Every structure is written in structure tokens, then in C-alpha cells.
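Below: a set of structures, written as C-alpha cells.
There are two complexes below, and they share chain A, which is joined by chain B in the first and by chain C in the second.
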Partner chain A sequence: MKLTAPLLYGLIACILMVSAPHAAHLPLWVSVLCVALLAWRFYLTYSGRPLPSRWLLLGVTVACVLAIAITFHTLFGREVGVTLLILLVTLKLLELRTARDATVLIYLSSFIIITNFFYSQSIPTALFMLLTLLVIMATWVHMQTGNLTFKPRLRIAVILLLQAIPLSLVIFVLFPRVQGPLWGMPQDAYASSGLSDTMAPGTMSNLSLSDAVAFRATFDGKVPERQQLYWRGPVLWDFDGTTWKRGRNITTQRPSLADATTPVGYAVTLEPHNKPWLFVLDMPSKLSIPAFVAPDFQVLNDKPVNARIRYTATSLLDYRANADEPPQQLQRALALPQGLNPRSRQLAAEWRRQADSPETVIRTALAHFNQQEFEYTLEPPLLGFNSVDDFMFTTKQGFCEHYAGSFVVLMRAAGIPARVVTGYQGGEYNDLGGYYVLRQYDAHAWAEVWLQNRGWVRIDPTAAISPERIQSGLNAALGDNVILPFFARTQSPFLLKLRVNLDALTNQWNQWVLGYDTERQFAFLTRLGMEDVSWKNMALNLLAWIALLVGIFTLIMLRRLVVRRKDAVQAAWLKVCRKLEKAGLPRAPHEGAMDYAARIATARPDLAEDLHDIAARYAALRYGGEAEMEGMAAFKDAVRAFKL
Partner chain B sequence: MLAALKQQFRNWAFRRTVETGTVVLNQRRIYILPTRQGFAFAFTLLLMLLGDINYNLSLGYVLTFLLTTTAGMTMLHAFRNMAQLEIHAGYVESVFAGEQAKFVFHFNNPGSLDRYQIHLQDDEEHHTVFDLPAQRSTPVELTIPARQRGWLDSGRLTLYTRFPLGLFHAWSYLHFEVKCLVYPKPAAPQPLPATSVQDGTGKTTAAGDEDFSGLRNYTAGDAMPRIAWKAFAREQGLQVKQFSAPQGRSLWLDWSQLPNIAQERKLELLTRWVLDADAQGMLYGMRLPGGEVPPGHNPTHRAECLRRLALFGMDES
Partner chain C sequence: MSHPLHAVITQTEQVILGKPRQIRLALTCLLARGHLLIEDLPGVGKTTLAHVLARTLGLQFQRIQFTSDMLPADILGVSIYQRDSGEFKFHAGPIFAQMILADEVNRATPKTQSALLEAMEEQQVTSEGETRPLPAPFFVIATQNPTNQIGTFPLPESQLDRFLMRIQLGYPDAQAERGLLSGVDRRDLIAGLTPQMNTAELTDLQLQVRQVFVSPALLDYVQAILRHSRESARYVHGLSPRAGLSLIAAARAWALLDGRNAVIPEDIQAVLPGVASHRLQSVQDVQASDGDRLARELIEAVAIP
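Up next is the complex of A and B:
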């Protein structure tokens, strides 16, 4: 095997393809450097120039490692590892000297593909993986086939991959799944996007720029009204003037629901977001997985959700929640940072003085938002030190976090216990799959106030300013001139339909390919009729299937090893020979056609002429390269006419 | 020590019979083992699988299994690349010591599959690579240096392939009954010894190339310029012109007349003289301690003399 130019171009293509998906999250200078190095290598190969000296490369390598250490402030962790790997593979290409180096590069390329799955495992990623594999295979085959041209090489690579697909499908289904992780991992092991447990101005509006899926939900029976679809996430109690935080619940009292009716059953497939909280409709009563329901009805998984999980739950839409909330908790729900937002506090105190009940205060506050020309916008102006005062009296422009936050501050100032609840609201129904999709732009914040005898009651101030947001979603609420994610904007019916179909496909992919874990494997194999789903059974089945498939492949592959030539010329000549043999004049094994004819001519002068003719025609057809149909036909006629 | 053990194991594990005729590579003759790269790749796959399990990467499982099964299936491809090849040994030209002996093997691919990158090598790493398209035959030449006179055995040859990914090494042993006759290395040019006149009991003429004396039938090995093309054109078949040299000028290359030098040097010197005498068209004979070759001059005679020299003092078989 020689390191020829085409082989090097193949290797460059491999590295380019495996690194390209990483460009999105690599530091820009790394991407640029890699492309430059690959281009340099291409130029060196193309122009036949020698490789750079080892010392130069060593210098560049050390500089790169240092630069990475400076960029990331560490040399450990997944992201740094991937970056280093890509850089080193690219540099390795510049000091490719032996065939073994090329093999190492091929192996590393395969390995880099897998690191991309930390970031994306979507259907396009899978398709791109297949394409990349094809390029890698073609290059790999190149190393073993020397001067074979591109097309047959590609053919071999395609055959290898196609053969692997049914086999790996069987292994994928039957390979016993172990629930990871096998060892502890740093927190950055998973990509995360989604709600956090703090809220400051801008938190929600940032999220609304993303159309990533947060979770999908299927309802068992009747789907609740859209304005009841409040998916509860982190509950925020503590306010420091700008940021709302979860804080610590002072009570250990279990949450309680009284007079609860209207149960709704549903199943949620939650995308990994690397945080412990789960999303449920207000208010949860039953859950299929062992999760902790905090005193404020926030549902927490026992560990961060770092893989897609599925759970079913039952919620009750009408309730009295924690009507007996302990006083310490109510104190938390009244706390306000000292000395901030004096005008808002004054306004709230005024309302309280005039009102006869907390309900009246709430109505006044909502009416205030509704009537004082507040605007619902994704791009609110910046707020100052007294953020609530600035918002209430000066800017009057905000997104849901502004309204929820200020409303809670007003309530607390008026002596009504209140808290902020974040989560998702609404969602989009997928006809094809029969489920709701909630995307990051459905993230929402609302308020809960505690009223005597009624417990915690949900109040959504955003609904007072922009009822469309709650009833029809973000796009209806914001108008056309706002830059929203592609999917958040209403499109033509065709695009909408396409989007629905694509999401249904994605959902199936998520459920069956990406979510194929221990439980799903068990369920699937049971459904296929495996009675005892154990490791032993799976292994036996796996072996049996592999044996069967490999057996079939072997039969197909070894079929064309020997092909007996069907040679009409030869067959006709042998017919003549057989006739003569019967007449007692066999052909000696070493005897050629002309010699044979000459010998027969002396023994049987009567045959001489015919036989000489046949032998001459035979020799001409067989050795003379005379392949015309006429010659063949005349020869056959002569053979047929030959009689003893 | 390790090499000796390895050799012993090989002799025990693999048949060491010498083949004649055509060998067909069937499944009993082809052995397959992973290469070092194969093991390295298996290790890479194991790392990938651990990563998949640890990080719950479903698509990672897909990739790992795709690569695993591809790698596994290449075992079958490697086998298929060699299976059912038909091989027979070809004619080996005699060479002089110090030259390269060219062992020719005829490979036939009776199937409709192309075969790629098949390597043929002997135990001393002399090596040749070839491709074999579907339904083709090809002669494959393995060059082995002929170091000393006598019979040079090709020894047991290894035919192997690592197609398509280099992960598996499929091989087969071939040991054909094929030998190359190695003539002694001709000594540096030396003047021929003086000719001697024979007494009159022998034939009156001996074949030479002075005067035309008639035609005889062609036999393999006759020199092309000697073929009577005119006779061939008259459709009299292939005939060779014969010449005669006048009797009495035959040269005896006599072992006993040689100066007192080492045996091998003597053989080398005689070889040189045989070549020179032949080139000069002389009638020459040779006397060795074991017997003599009567004077003559034709390619067969030359070959016989050289053969005697090559095998001098050796067991004829």
C-alpha cells in the first residue's frame, strides 16, 4: 500500500466530513485552523511538495494545545477532548508517512463520528453518518486495493455497508441494553437547553428564540382546553430585585389537594435537559416514575434528566392546593427586597387599602396591566436598579417574565402571598401522531397567589395583556414583524403539513431508535413473542439470527466463485470429436484441431475435406478473434452436416 | 528460539505436502486470522461500545454495530477473495548463480468475481502482488535470488490477502514440485584452452554452424534464426537448418587439465568456457570426474553441459 495522492484526498475528505458537524460548537479559531491545515495538506499533495518538518509540526501542536487550554480554561472535559481530537487528527494528516498512520486516521475518524452524537442524534445526523461511513469505507478499501479506480472501490464500500445494515439492525434490537452511566460523568456530558431554576428579565424571551422540542405529550382521553394547558416547572420564591430563585422550602409538609376534580391522564416524553425537574399539568396527583413532589408541587426526578425519558401522570385541573400552607412558607411568599421598587409598593398598598378582599386587589392589578397600555414584546427595553418600578411606570414593555415577576411583587406588597411559576404553556397539536409538541418558545412564566380557603390559585398576568398568547400561541401574540423561530411562525398549509409530518417522524425516531432502552427493549421483545426476556435468551436469539443472516450472505456471496464457461464454439467442436471417438478415432489430449484433422485425413480420406473445413473454422473462431455471427452460423451448419 | 517453535507449530498444524498439477483453493486450504490492525480496530469498537452504554447514545450503538458487522463480514470477503482460485506451476528458466530465478505460477479465476491484491511470498519475504479479474488467467512471477548452483526449490509459498479492509489475513500454503536449475556463476572471462584434434574413429561430421548440411524437424528450444522460414512458407512445417562443422576442431573442456583451484572455481571456469565456446560456435566436449559429454554444438548440448556443471557432485534428484 502506498500513500498515493487519491488516497490522501480520501483521508482529507474523511476528516472534513467527520469534523464538519462539530463546526457549530467548536471555537471559531479551531474550525478555521482545521480547514486551513486541510487545505495546506491538499496543496502539498497536489503540488507534490514535501511535508513540513517534524519540529514545525511539534511547535504548531504545542501552540494548539496551549491555545485550547486558554480558550477553555482547562484541558479536561468532553468538549475539550473533542476539540483536541479533531485538531490532532488534522495535524496527524500533515505528518502522514506510513501506511499505519493512514489506518490510525481511519480509526480515529470513525471515533470522531460518535462524539458528534453528544450534540445531535436526529434523523439528518443519522443520514449524514451513513454518508460519512461510506466515504470512510471507500477510503479504507482504497488502502487495501492499491490502484483500483474510484468506481469499483465505491462499489465495494457500498456492498460492505449494505451487508452490514440488516446484521446491525438485528444486533441493535437484541443487544442487551444496559442503563448507563457506567461511571460518573462531568456535568457537561450532556447538551442542555431549557428552563433553568432562575428567572431574570430576558430569560424567557431568550428561550422563545429556540424551536427545540422540550417535550411531547399524549393525552389519554379528552384534551383539556388550551388555556388550561399549564405545564408546571420550577416554582420560584425568592426575589433579590432582579432575579427570581427557587430557594429552599422551609417545610417538609407534603403537598395536599382538596376538592380536586377533573382528572386528566397523559404521557410525557421529555427531552434531556440535564436538570432534575419534570413537567406536569397543574396539579399533579399520580406519576408512573418514582419522582419527588416538592411542597410547592414541583416534580423532581431523582437525578438530572440526561436521557430522553417517558412517564405517565394524572393531573387534576380543579383543586384547592395547600389550603393549609404553613405560616413560614407564607412568610417566604411575602418577602420583598428591602428599599427597592418604592413606587410599586406604594401603588400596591394603595390598592390594598381601597379593596375589601384580596380578590379585588388581584382584579385591580390585572385591570391595571390591561388598561395602562402595557405592551407584550420580545424585545423589551433594559431596566434599571428598581426594575419593577421601571417596568411598571416607565417602559411598560415586557415579556411574560416581566409580567409574572412584577405581578408577584405587587401582590406581595399588597400583603397577598404570591410566587412565580415557570414552565410551558400551550403547545402544538400533531394530528398525525396524536400528541402535543412543546417547544422552547412555548416557555412561559405565570403567578400563583395564596388565598384563604382556596389555597394556591394560578393567575396569569400575561393573559391580561395578551390573551392571544394563551389562546393561540406566541405568533398570534407578537405580530409579523418580530423575528421568531421558523416553526413559530404560521406558514402555508403545505409547510404546516410538512412540519407536522416531520415532527411525527421525529417522534417515532425518538421513541423507537433513540429511546430504545432497557424498558423499551423488554416491551418490544415481549410483543414480538419472546417469553422470557433475559440476557441469556437475548444472546441466544442474537447468535441464531446472526448465524442465519451470515449463512444467507455466505450463500449469496460464494455463488459466483466458479462459473463454467458456456462456449458454443467449444461445445460444437466437442460434438464432432465425440462422433469421431465413437467411430474409433479419438482425439489425443495434446492434439490440436488442425493436427487432429490432418491425422484423421490419412486414416479416413473420405472425411478429410469436411473435417478440414470444420477444424479450420473452429481454429478461426476460437483463436482468430473472428466473432461474427455468420462465421459462427456457418461453423454450426458444418458441424450439423458432418456425418460419418 | 521463538522462530524455531513457530516453525515447528507450522509444520504440525499445516500439511507440508508437495503439490503437483493444479491446486484449487478450497475452504480446507484457506486459513483466516485477524491482523494486528484487526485487533486494534476491535479495541476501538470496544471503546465506542462503552461510550454508547455510558452516554446512552442510541445512534452510537447503530454506528458501532454497523462498523462491527462490516468488520466481521470482511472475513468472508477475504475468504472469497482467494477461494476457488486454480493454480499450477509454470516452467522455470534455468539461471546462473547470482541471478534472479523467476518462478512462474499460473493463476486462474474461474468465477465472475474480480480478485484484488493477492500476495504471493516465500518464507524469506520475497514478494509479489497481483489482481485477478473475473474469468481470467494470469501468470504470476515470483523472483527469488539464486545464490548457489544446483536445484533451487521455491519452497513453501504463502498466498495471502487482506482485502478489503486489512482486518483479516486469509492465507494458504502452496508447495509445488517446481525447481529451478541454477548453473554455476560464470567466472571472469578467460581465454579458452587450446583445441585438440580428435582421432579418426568418431563421426565424420559433427553439428556445427559452418556449412549448411540439411533440414531437420523443429524441436522446442531451437534458436529462431535457425528456423527455415522459406520451408515454412512452402507449408513444409517448421524445420530447422542444420549446419556441419568440419571434424577435428573440437575443444575439450577437461576438468583434469584445470589448474589447482577450488572445486567451485573450477566449475565456474568451465561454465565460462562452455558459454564462450558456444558463443564462438565451436564444437566442444566436456570431461568431468563423473563422466564426459561428447563434443557437440547446439542448445541441447549447451544445456546438458551446464546441467552437469550445476549438479556436479550433487545427488541428481
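Up next is the complex of A and C:
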């Protein structure tokens, strides 16, 4: 094998493709250096110049390793490992002298493919890596079979990859999974965005600019009405004049639901958001994973969600929640910052005086929002020190956080315990996958008030000012001239359909490929009929299946090797050839029967006559057409009689 | 073996010494209704071979010496005004003969070359709006000096393709050369040759060639050869389907010459260098005219299925 220029271009392409996805997170100087080295190698090949000397390369390598050590302050760890690997592979191209070096490069590029999945496991990444693998295989085939043109090379590579598919499927399904990720996923593997546990003007409207998926939910049975789809996240109690915070619950009393009816079961696949809270419909009663339900019904995982998790839950849509809320908690729900927002407090006190019950106050407040020309907008004006007063009496423009916050302040001023609840509302139904998808722009804030005997009751002031937000989503509630994420505002049926399809595909990928963990493997194998799903059993099955597949492939290949149409004439002739071969007179593959007979005749004159007769009969039978078939018996006799 | 053919070969071998393979290939080409290109240095007997074949087969013979100032009309003929009758009368050019020796065809300009090649291809001459058929059988032996000599217009690949075969004569071996040097003058020998066959017999043989049986097993082999020539990175281009057809036509004629009525792989191998050498080009050294070696490599690379 010779290291020809086309082969070198192939190797350069392999390295380029396999490291390209890493460029985004490698240190900038490494990316630039790698590109420069590849360009240099390309130029050397193109111009036929000699490679740089080994001493120069050694110097550059040592310098690079030192620079990496300085950049990362260590030489251990995954980031450093990947960086070193890519840099060294690129340098290896510059000392490519023998076939062995090329083989090493091919293997290393295949290995670097895996490292790309540390950073992204999406479908596009997988497809790109498949393409990369194809290029690597084609280069490898190129190395092994020098004198084939591009097309047959590519065909061999494709066939090799296709043969690998059943094997990898078997390994994927049967390879025993371990609990938790095999290598520690970093916390920052996913750019996290999502609900935080504080709320200030602007928090929600910022989130509404992102169309990242927050979670997906499937319902068992009947799906609740859209205006009941309130996915509960952080519950905010404490207000300091601008920001709402969760504060600390000063009770150990477990949350209680009374007279609860209308159960709804559903499963949620939550994208990682690096915060401990889970999202459930108001109000949760059962959960499949061990999570803590706080006294204010906020559900908290035992650790931050930094990998995609799936849980099922049951919620009750009609309830009396915490009707016996302890007084110290109610006290929290009435606290207001001293001396702020005097006009709002005055207005609320006025309402309270005129009303005969808390319910009337609530109605008055909602009617106030509805009738006083409040506007629902993504871009509200800035608010001053007395933010609620400014909003209520001056600007009158706001997003859900303004309405929820102000409403709770008004209620507290009127002596009604109230709190802010944040989470997601509504969502979009994907009828292809049969699930709801909730995106960041579905983030929402609403209020809960505590009423004697009824407990915590959900009041959504946004619904009073903009019912469309609750009924049909954000796009319907805002005008056309607002810049929303592209998907949130598009009306094109094709794009909407495309989004639905892509999201359904991504969901399947998440559920079945990335989410194929111990439990799913157990469930899947049990359904396939494996009775005892154990490590030992899986390993045995794995080996058996691999042996079977390799056996099948071997058989197919052997059949190809054996002469394709091995008819009787051919078989008899080959028998003669084998006899002669044993006698040290083999036939060259391209040698015709008559030529062979003539050649043997000079070496073994004793065989000349018999062999010439056999060869002539063979040629006549094989190439002479139907008319010659009578000679078959004579030919077979001659073959049988042929002795060395 | 058919008797008249046997006599033809024997007689030709008496004049052209030590070249039995080339003689048979030339005859094969004639029987397969193809045209022959002989490429070699001057003085190795190209003209003599053509001359002998024409005499032995009893064909009308015309020799056209190509020069750089030759015009198409010099080959095809020209219409000349007749003063007595007041009409134009066509004076047939030298191409109107059964066997043409186009000597040093690469000395003529491309325009003149293509006039010859078109006539070869279509077996007719169109001049001043009138189409005149060429005699049958019609056989062209063109000779060409190796193209790296100066003052030549090498035939382009598309024109080379019109020739069924290209062969080289090469120097005779020592024994044959001795015979040549000590023997009678070749011109006297040629003058004394008698035709061993008439036109009707030759045409009949050409028809018989087409009846030679080609089995599916043999087609497998031919296709394997074609496929290999296309997939191998050794050659600039693979063999064309026309090359495949030529290969089978030539192999049929070769089998008939050998007295068989079916083609066997050996026939393919025998004619392949002649048929393929001017259609194959090595990737590595485009300059060298090593078509024969390439064809032999091709034979050795493909196993007989």
C-alpha cells in the first residue's frame, strides 16, 4: 500500500469532519492551530513537498501539551483529554510516513467520534457522525484496496456500515445498562434556561423569548380543558418591593387536599434545567419518583435535574387545598414591605371596606383589571420605586408577572392571604406523538388566595385582562408586531406541521434512544419475552446474537467466494484442476482450459492427450450451447478416467 | 479448419516470415468486417502484409500514401467538367477498391483523415450530393508511425475507435530475419502469388462468423473483463460497450479461424490485445504506447468465471 495523495486527502477529510463539531468548545487557539495544521498538511500533499522533520514536530508537540496544561491548569479530565486527542491526531497527520501511521489515524478518528457525543446527543449530531463514519470507512477501504475507483470504494464502505447496523442494534438493546451515566455528565452539559425561584418584572417576558422545550407531557385518558392546564412550579411568598422570592416555609405540616376529585394521570419528560423543582398539574397527589412535596404543594426533586428525567404523576383538578393552613404561614401570605405602594394599599383597603366578603374583593380586583384599560404586552415600560403603584395607576401595561404580582399585593393589602405561583400554562398538542409540549414561552405566573373553608384557590389575573393567553397561547394574546420566537408566531401550516413532526421525532429519540436506561431495558426485554432479565442472561443473549449475525454474514460471503454457478460441467472440470494442482501444476485463475491443457502438455507429455481431450470437451460443453449436451456423459467418463 | 482459409494463411506465412499471430489477427479483423490499424516503425513489413493479403484473397487493391498536403478529394474522387458532353463526370478516387492500404495515415491533416474514416464507417462516399456505395467486401489497413515522431497528426481517440484492432508487427526474430535476408526479393514473391479465394467465398465466411455461438458463460467472462477495466484505477477510462461488441465480433472470427463454431475464453484472450490496446490508457504513463502490456495485465487480472 502506498500513501497516495487521494488517500491523504481522505485522511485529512476524516480528521476535519471528526473534529469540526468540537471547534465550538475547544479553546480558540486549539481550533485555529488545528485548522492551520490541516491546511499545511494539505499544502504539503498538494505540492509534493517533504514532511517537516521529526525534531520540529517533537518541539511543536511538547509546546502544544504545555500550552494545554497552562490553559486548563491540568492534564486530566475529559475536556483536556478531548483537546489533547484532537491536537495530537492532527499533528500525527504531519508525521504520516507508513501504512501503520494511516491505520492509527483511522482508528483514532473512529474513537473521536464517540467524544462528540459527550457534548451533544441530538439527532443531527448522530446523523453527522454517521456520515463521518462513512467517510472514515471509505478512506479505510481506499487504504486496503488501492486500485479501485471512488464508486466501488464507497459501495464497500456502505455495505460494511449496513452490516454493522444489525450488530449495533443487538448490542444497543442487550448490552447491560448501568444505573446513572457511565461517565459523569457535567452540570453544564445543557445550557440551562427555565423558571427560577425569584420573580421580578421582566423575568417571564424574557423567558417568552425562548422556544426551548421545557418538558413534554402525555395524559392517560381524558385530557383536561386548556384553562385547567396549570403546571405548578416555584411558589413565591416573599416580596421586597421589586422581587418575589420563595422564602422559607415555617411549618412542617404536610400539604393536605380535602374533597379532591377529578383525578388526571400523566407522564412528564422533563428537560434538564439544573434546578430541583418538578412540574405537576394543580394539585399533585401521587408521584412515581421519590420527590418532596413542600407545604405549598411545590414538588422538589432530591437533587437538581441535570439529566432528562421521566416521571408519572396523578393530580386532582378539584380540591380544597390546605384549608387548615397554620396561622404563621397565613401571616407570611399577608406580609407587605413597609411604606411602599401606598396608593395601591389604599385602593385595596377601600375595596375591603365596601365589600362584604373576600370573594367580592377578588371580583372587584379582577373587574378593575378588566375595565381600567390595562394592556397585556411583552414590552412594558420601566417601573419606579413603588413598582405596584406605578403599574396600577401610571403605566397600566404589563406581562403576567406584573398582573400576578400586583394582584397578590392588592389582596394582601385587603387582608386576604395570597401568594404568587409560577410555572407553565397551556402548551401545544403534538397529535403525531400524542403529547403536549411545553416551551419556555409558555412560562406563566398566577396567584393563589386563601379563603376560609376553601383553602388555596387559584386566581389568574392575566385571564381577566387577556383571556386569549389562557385559551390559545401567547401568540393569540399578543399582537402581530411583537417579536416572539419564530415558532411561536408562525402561521405557515407547513412550518407548523414540520415543527410538530420534528418534535415528535425528537421525543421518540429521547424516549427510546437516549432514555433507554435500566428500567426501559428491563421493560422492553420483558415484553420481548425474556423471562429472567439479569446481567448474565443479557450477556449470554448478546453473545448468542452476535455469533448468529456474524455466522450469517460469513455464510453469505462464503457463498460469494464459491463459484457462483457451479453446474455439473464446471464441477467436473474443477475436480480435474484440483487433481493437477495437487500434483504441483495449478491453473492460473485467468487461464482458459485449452491454454492450460497446452501448458500442462509441455510439462507432463504423458498427460497431454487425455487432458487435451478433457479440455476440449469441457470448452465445448461450457461454451458450446445446448447442441453439445450429448457430450456430457463422455466428458464425465473422461474426467473419471483421468489419473495422474 | 476451412480449407481456403488454411491456404490463405499458409501462403501469407511464406512471404511474411515469423509473424503467424499478426497474420491471423489481420485475417480475423477482415472476417469480422472490421478495419485494421498497424502501428510500427517504417520498414517492418506493414505494406507487404497488406499487399500479400490482397493478392492472396483476390481483392482489388489500392494503396494511398498519405501526405500532409493531401485533400479529401484526393481519396474520395472528384467531379470533372466534360467538354464534349457538357456534364460533370465523377472520377472515383482510390478509395473505391476492396482493400485499401492507407499508408502513414497520421501524416495527413485531420480533415483528410476524417474523410477516410467516415467512408470506412459508412461503407459509402457522399460527394456533391450523390452517395456512391463502396465495393464489398471493404477492408482498410491503415498504417501509422509511432505518434511521437515529428510531423504527424496522431489520430484522436474517437477515430482510433473506428478500427476494430490495432496491432504491431515488431522486428522479426533472428531465424525469420535470416530467411528474409537470404531469400528472394519480396516484390517478386508477391508478384508470383495466386488468389486462394474469391470474393463470394470471403463474403460467405464473413456471414459464417456471425453464426459462431457465444454462450452465457462466455458473456459472463466478457462482462467481467469490461467491469474490471471500468472499476480498476489502472486505466484512464474503462472499455466502452462498443469495445465489448468489437471484442465478441473479433473473438467469433478468431474461433472460426481456429475451426470452432463456439467462442471460448482463449479466443477472447487472443484478440483482446488487438482490440483493446488502442482503447486503453494507463493512468500512470500516458505517453508510453504500452497498450499491449495493459491488455495483458487486464487478461491476467480477471479470473475466468
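In the analysis below, the second predicted complex is superposed on the first by the 374 of 644 C-alpha atoms of A that agree within 3 Å, B and C clash if a C-alpha of one lies under 4 Å from a C-alpha of the other, contacts with A are read in each partner's own complex, and residues count from 1 in each chain.
FYI, a residue touches a chain if its C-beta (ideal position, glycine included) is under 8 Å from a C-beta of that chain, and two chains touch if they have at least 3 such contacts.
These numbers come from a predicted model, not from an experiment.
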{"item": "A:620 touches, of chain B and chain C: first, second, both or neither?", "value": "second"}
{"item": "Chain B versus chain C as contact partner of A:168, first or second or both or neither", "value": "first"}
{"item": "Which of chain B and chain C A:517 touches, first, second, both or neither", "value": "first"}
{"item": "First, second, both or neither for A:591, with chain B first and chain C second", "value": "second"}
{"item": "First, second, both or neither for A:53, with chain B first and chain C second", "value": "neither"}
{"item": "Which superposed partner A:357 touches (first chain B, second chain C, both, neither)", "value": "neither"}
{"item": "First, second, both or neither for A:253, with chain B first and chain C second", "value": "neither"}
{"item": "In the superposition, chain B vs chain C on chain A residues touched", "value": "B"}
{"item": "Chain B versus chain C as contact partner of A:152, first or second or both or neither", "value": "both"}
{"item": "Chain B and chain C footprints on chain A, overlapping residues", "value": "146, 148, 152, 563-564"}
{"item": "Residues of chain A defined as touching chain B within the complex", "value": "103, 107, 110-111, 113-114, 117-118, 121, 125-126, 129, 133, 137, 140-141, 143-146, 148, 152, 156, 160-161, 163-165, 167-168, 171-172, 175, 178-183, 185, 189-190, 306-307, 513-517, 550, 553-554, 557-558, 560-565"}
{"item": "Contacting residues of chain B [partner chain A, same complex]", "value": "37, 40-41, 44, 47-48, 50-70, 72-74, 76-77, 80, 83-84, 110-114, 116-117, 129, 131, 135, 162-166"}
{"item": "Chain A-touching residues of chain C, taken from the complex the two chains share", "value": "213, 215, 217-218, 230-234, 261-266, 269, 299-305"}
{"item": "Chain C contact footprint on chain A (complex, rising order)", "value": "146-149, 151-152, 563-564, 588-595, 619-620, 622-625, 628"}
